[in-house]
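Both of the next two complexes hold chain A, though its partner changes from chain B to chain C.
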Partner chain A sequence: MNRQQSLLPSVVAVAIGVAVAVGLLVVGSRDPAQSLRAYFVSPFSNRFFFGNMLSSSGYLLVAAIGIIVAFRAGLYNLGGDGQIYVGALVATYVALAMPGLPAPVGTLVLLTASAATGALMAAASGAAKHLWDAPEIITSYLLSAALIPVADYAIAGPLRDPSRSLLASARIPSAYRLSRLLPPSELNTSALVAIALAIALFAWIERTTRGYELRMTGMNRDFAAYVGISRAGYTIGALAVSGALHGLSGGLMIAGTFHAAVSGFSLGIGWNAIAVALVARLDPLLAIGSALLFGYLEAGARTAMLQTDFTFQLGMVVQAVILFFVTGSVLIRSRRR
Partner chain B sequence: MDHPLLVLESLSKTYPDNGVRAVDTCSLTIDRGEIHAIVGDNGAGKSTLMHLVSGVIAADQGTVTLCGEPVHGTADSVAHGIVMSYQTPRLVDELTVLENLFLGEEPRRMHVFFDRRTATDRVATLAPIIPKRMLNRRVRTLSSGQRRIASLVAALLRLPTDRPGVIILDEPTEATTIDETEQIVDVIRHTASGGHAVVLVSHRLQEVASIADRVTVMRAGRVVATMTSPVSVSNLARLMAPDDRPTSRPAVLDDSVAAREPGGYGLRLVDVSLSDGDRPLLDAITLELRSGEVTGFVGVRENGIEALELLLSGTVRPASGRITTANGRSIAPRGRETLRPGYVPSDRTTRGSTQSGTVQDNLIAVERRRLSRRGIIDTVAAQRHAQSCIRELGIDAQANWSMRQLSGGNVQKCILARELAASPGVLVVSEPGWGLDSTTRSRVHAQLRRVAAEGGTVAVLSTDVDEALELADRIVALHAGRIVADLPVGKASRSAIARLVAGDPTA
Partner chain C sequence: MITSILSAMVPILLAALGGTLTERAGVLNIGLEGLILIGAFFSVVAVSATGSMVAGLLAGAAAGVALSAVYSVACIELRANIFVAGLATNLFAAGMIPFLSETIFGTRGVVRIAHDASRVAGYPAIRTAVFALGSTAIAAAVAAILYRTPLGMRIRAAGGNPDALAVRGVSPLRYRRITMLASGAFAGLAGADIVTRLGVYVPNISAGRGWIALVAIFLGARNPIGVVAASVVFAGFEVLSGAAQGFTNVPGTLLLGVPFLVTLAAMIVYSVFGRRTRIQGQPSPNE
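== the complex of A and B ==
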């Protein structure tokens, strides 16, 4: 398949999304020139904005490659948002419960806890699909939707740090936090982890035998079964890996940026990750670029919101428009087949 | 009443994706009140012809006229009173029978609500074949025969009431019990006596001979003959695939067959049964497939061939009985203590290949582990493997092409090449010559015979008796889920076999 051709719908979707952003800024803002500059230029205007942009792109990328693993196996993990949030919460809890570990070990334990949480959540959907043919697109969403309020409760109740005015837990030990790369911005080593993971996943999918088996399962489950590829392995396993990456994304956010579980802090990232994955045509390497693009659009919305009369909802409209057109083009393509 | 009801004039259709000329200048007339049967082997073009009449497929050439008026497209054909009941009943599983029968043209109360009473009454008068208590069951819960009846009635209800229409029934008695078959035949007779024309596509030749007023035989997309009742089953079978085709068995291969060791078995079936709900597909089959031999299974797909394909390949497990290999292993696509037989499925694009993958993706699928080192696919070895498959069977494609770009015959070659390259001890091949030109076909035959000559066990499942006779050492004929003949190929006469698989007990 010709890669440029296959990327065309993504480019068109992003272009329409940007055009809508420009349109909204011009129509809805009292000072369009100032708003446009704030939206499109300010993310590059200083180290703080630029670093934050890269940092949020990194978290998005980890979640996006999580979605890619599921999609490439022909599975829909719609519980990503909850897997990130609950993963982050469990990571925070583990870090708070074991404050005395040596620095790198503590970080590793925290991240493993987040990944394991996400993996368990998604694998539950995989098992339900394998055992009872329950559609994972529903169960993963429902499980996540059910656990998000539980996490909210934990943050507002048992885990809340009463000395803070936020609905948030206590902060994790400073030894466990990831080191900053571009102070005063939030950019930290997690962005490098994200890129490394994307490259590793690309190599795994394209080069290894198991990656091949995953691809065949995603292309045609009946064919995969017929050539003797394990159905259970690439249903439960692929969803577990997908969930682990989502959970890890939440853990990285805690260790890298937030340092505490804040009520609702990550919600929405799981859905944006789907858009990132679709824009990248489910290619982990292209997802690096697509995550940067989404990070940029979101950073633009944030700075425009700070500096002008632009509201954050307008920024969400732009992302929604891109998601709409990208999923639309995917649906049209699959119909044609 | 002078001119016929339905006239097909030199209809032709070539499928663009594989270039097969499925229907070739077919002309046919059908009268009011006539039961007109269309018979022919698989792939003879019967279904395509019917789809052209109902407008589901657009003809490349030719016209369809009803009562002297031209008919174009589905909506037009329904408006003219041409209705069709498909080979696979098209019903909505989650709706009730009644809702299905009136789908899209429900009688309404106050323009909104489905008027169940009117609907029920209409079924009771027009199609009493459906018992009232069945109407409120969900289609999901019906047996295959009941579905078939529901689909037939859905078509009946769409026939015009004020003028004669045409009802096309594609295999209406397939997968039905004897009682259901009788009921359906009654309905067919009743419909025809009411002035409508019934076009009956069937491979149950006996049934056709007993109820049809006229029978049209199709072969390779053409109308070969139209005969008026009474017709004989053997006559029909002969016309469907004439005996005069020369069987070309290379002498060299026959020598190697003579030299092999007799006696050893490669696959043993003991009391193997399989059923679909309450309908038996295979009934206590006991059989040994000998190694060093090509066994040709012939019959109608629904009469046991399809079930046997799934069992021999290990795709489904028998409901009872056992299938074992010579060294006591069972067969399955995967597993530690099992053997994955080489398998060319009848379902070429959904199971036999992955259409969204590349040719190479498809060719390395079975031997992916052998072509890998420490969990990483050895790109060079994989490419070499793909190239050798492409060369071996003359696949008309590059390794990096998308499988979707390949014609049906080339897809078949890819599957064959992959399964042959894995050099399996047991090889199960459905319709080996499917979509292949004669050169490739004989090349494939030679390869299958070589697998046998080297001690392999080869099972060929075919609805094409000629191909089975050409390829196999031994012919096993199936009808109604049972073995009706098991002969060395030398003693098998093609017409006798054709009659046997059509269910003619006098053969």
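== the complex of A and C ==
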């Protein structure tokens, strides 16, 4: 997974993933031509689909740069899915509990709540790793998996709005919602926030001393500690930032698109973000393009599901195939052993 | 009570034994969850086609081997990051099964095993005894192989000291590949055990057992006999949290998180008091 290497493995992995998608659409659909058209063309067919695709790419991008921070520090955050979902839930709760704040303050408060939630969840794994060497790859997943049912319970129980047929909370005050950029689509200012964050993270990682220390920790934890770089800071801190970005992604989804916590609404995005980050070779700027690509593939899979008889999570299979291949260095290097 | 604990122990133990083998060979097997799931699904396919529980178990194991073959090709032949390939294994199983289920059974949801359920489930107590004893015997066999045979020594060297193995002209990768395929069989069998015991497949029926098994490996000090004890402990908590639905007011949704919470607590307790969990050969994601 050498970041400095070419993008060739990413291209190969995505090509294989798309080929598998085409194969499944042809095999599994009664009208392959229509399914393929829905998959590849529909995201560009009108303003509504196009804007929605850009919008979901934005949320994906925020989570993906969250993964990048952890990976660049040499840490695995596998709790992203839960950090997004629980972050979104807490943001919704805070917005519903404080409906009277002035507009921009309310939005900021709910976004901060979501980021803080994700940060706390991931930092807990970081602390366990720093203090007791507990493998964060396992603890981050387990904590997230333990809290997802709690969020499900809150949405279906105490926070549920009984007037809605959906399993969902009440809607957040309209003043707190982000403004739409391309009606009637969902595209909103969060997409711009996502791009700004990706650029800022790139600058931070590549151009600042702290970013350098983060990269150094990622390359060799023991050496970094030996030369005096704070082990705690780049373990607990890096995971906290990673979790905060995941939580923020969930908060942005609430403020930008969903306006209420809906049961299971964000699940899967955390895993998708890992694929986005790896295809981008852990580069925050390349992640912008990678997030757009995955947003496109996801949107295509969704419309192929809605418009045709093809009814399953094609996106997940494509992500899996891409993940099998994307880190394979043999694609670019000759074998050593 | 003891019967249900033993039943719950079997799939955790089987998956954890396979995971112990790969872990000793230097691969922390993040893909166990997906391997269990694919084994469970293909076991249901085989049982509904043939009506035979044995066919179901074999098909489950075979499906696990097939998926772990892809996983090991990615890790070893293509030199993919083992954790990313493990995630891919889990996502692949979770994504492909709805497609296969729709194609084969016409539903993405619950699949009951079509043939006579009593033939599949058999006599519960006898089945439980056979499977519990069988999986414990497998644990003893795995321990014997690991500690008493040249193969086991090489597996341990592949994880603990791969350079020593390489110097002697033996490729550690070979032993990683073998153990990954074996863990596919074990995890597939674990999935087959779950569905043939319940007589039904429901989406995500593995319910985190792959991750629980992963922690059971550490809790069992990476030793098959210790893993048996750890699996009994986790099985006990599983039964307890299932029973809690009956005698407490805690909503069922919340209880779904309890096994993960218990496993997390076990991982932390082990890390605090046990030997330090330096995962062998953990590749940095940044390399």
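Here is the rule we go by: the second predicted complex is superposed on the first by the 320 of 337 C-alpha atoms of A that agree within 3 Å, B and C clash if a C-alpha of one lies under 4 Å from a C-alpha of the other, contacts with A are read in each partner's own complex, and residues count from 1 in each chain.
Going forward, contacts are C-beta pairs under 8 Å (C-beta built on N, C-alpha and C of every residue); 3 or more make two chains touch, one makes a residue touch a chain.
Not measured: the values here are computed from a predicted model.
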When chain B and chain C are modelled together on chain A, clash or fit: clash
Touching partner for A:328 - first (chain B), second (chain C), both, neither: second
First, second, both or neither for A:256, with chain B first and chain C second: neither
Which of chain B and chain C A:106 touches, first, second, both or neither: neither
Which of chain B and chain C A:133 touches, first, second, both or neither: second
Contacts of A:149 with chain B and chain C, given as first, second, both or neither: second
First (chain B), second (chain C), both or neither touched by A:319: second
Between chain B and chain C, more extensive residue contact with chain A: C
Contacts of A:274 with chain B and chain C, given as first, second, both or neither: second
Partner chain in contact with A:141 - chain B first, chain C second, else both or neither: second
Touching partner for A:230 - first (chain B), second (chain C), both, neither: first
Colliding stretch - chain B into chain C, listed as 41-49, 77-85, 95-103 or 221-229: 95-103
Common interface residues of chain A - those touching chain B in one complex and chain C in the other: 1, 215, 219, 337
Partner chain B, residues of chain A touching it in the complex: 1, 207-210, 212-213, 215-216, 219-220, 222-230, 337
Residue ranges of chain C touching chain A (in the complex, touch as defined): 28, 30, 70-71, 74, 77-81, 83-85, 87-92, 94-96, 98-99, 102-103, 108, 166, 171, 173, 208, 211, 214-215, 251, 253-258, 260-261, 263-264, 267-268, 270-272, 276-279, 282-287
Parts of chain A lying in touch with chain C, wherever the complex brings them together: 1-3, 24, 28, 70-76, 78, 128, 131-135, 137-139, 141-143, 145-150, 152-153, 156-157, 215, 218-219, 271, 274, 278, 282, 311-317, 319-331, 335, 337
Touching residues on chain B, where the partner in the complex is chain A: 315, 333-334, 340, 343, 345, 347, 350-357, 361, 364-366, 368-369, 372, 375-377, 379, 402
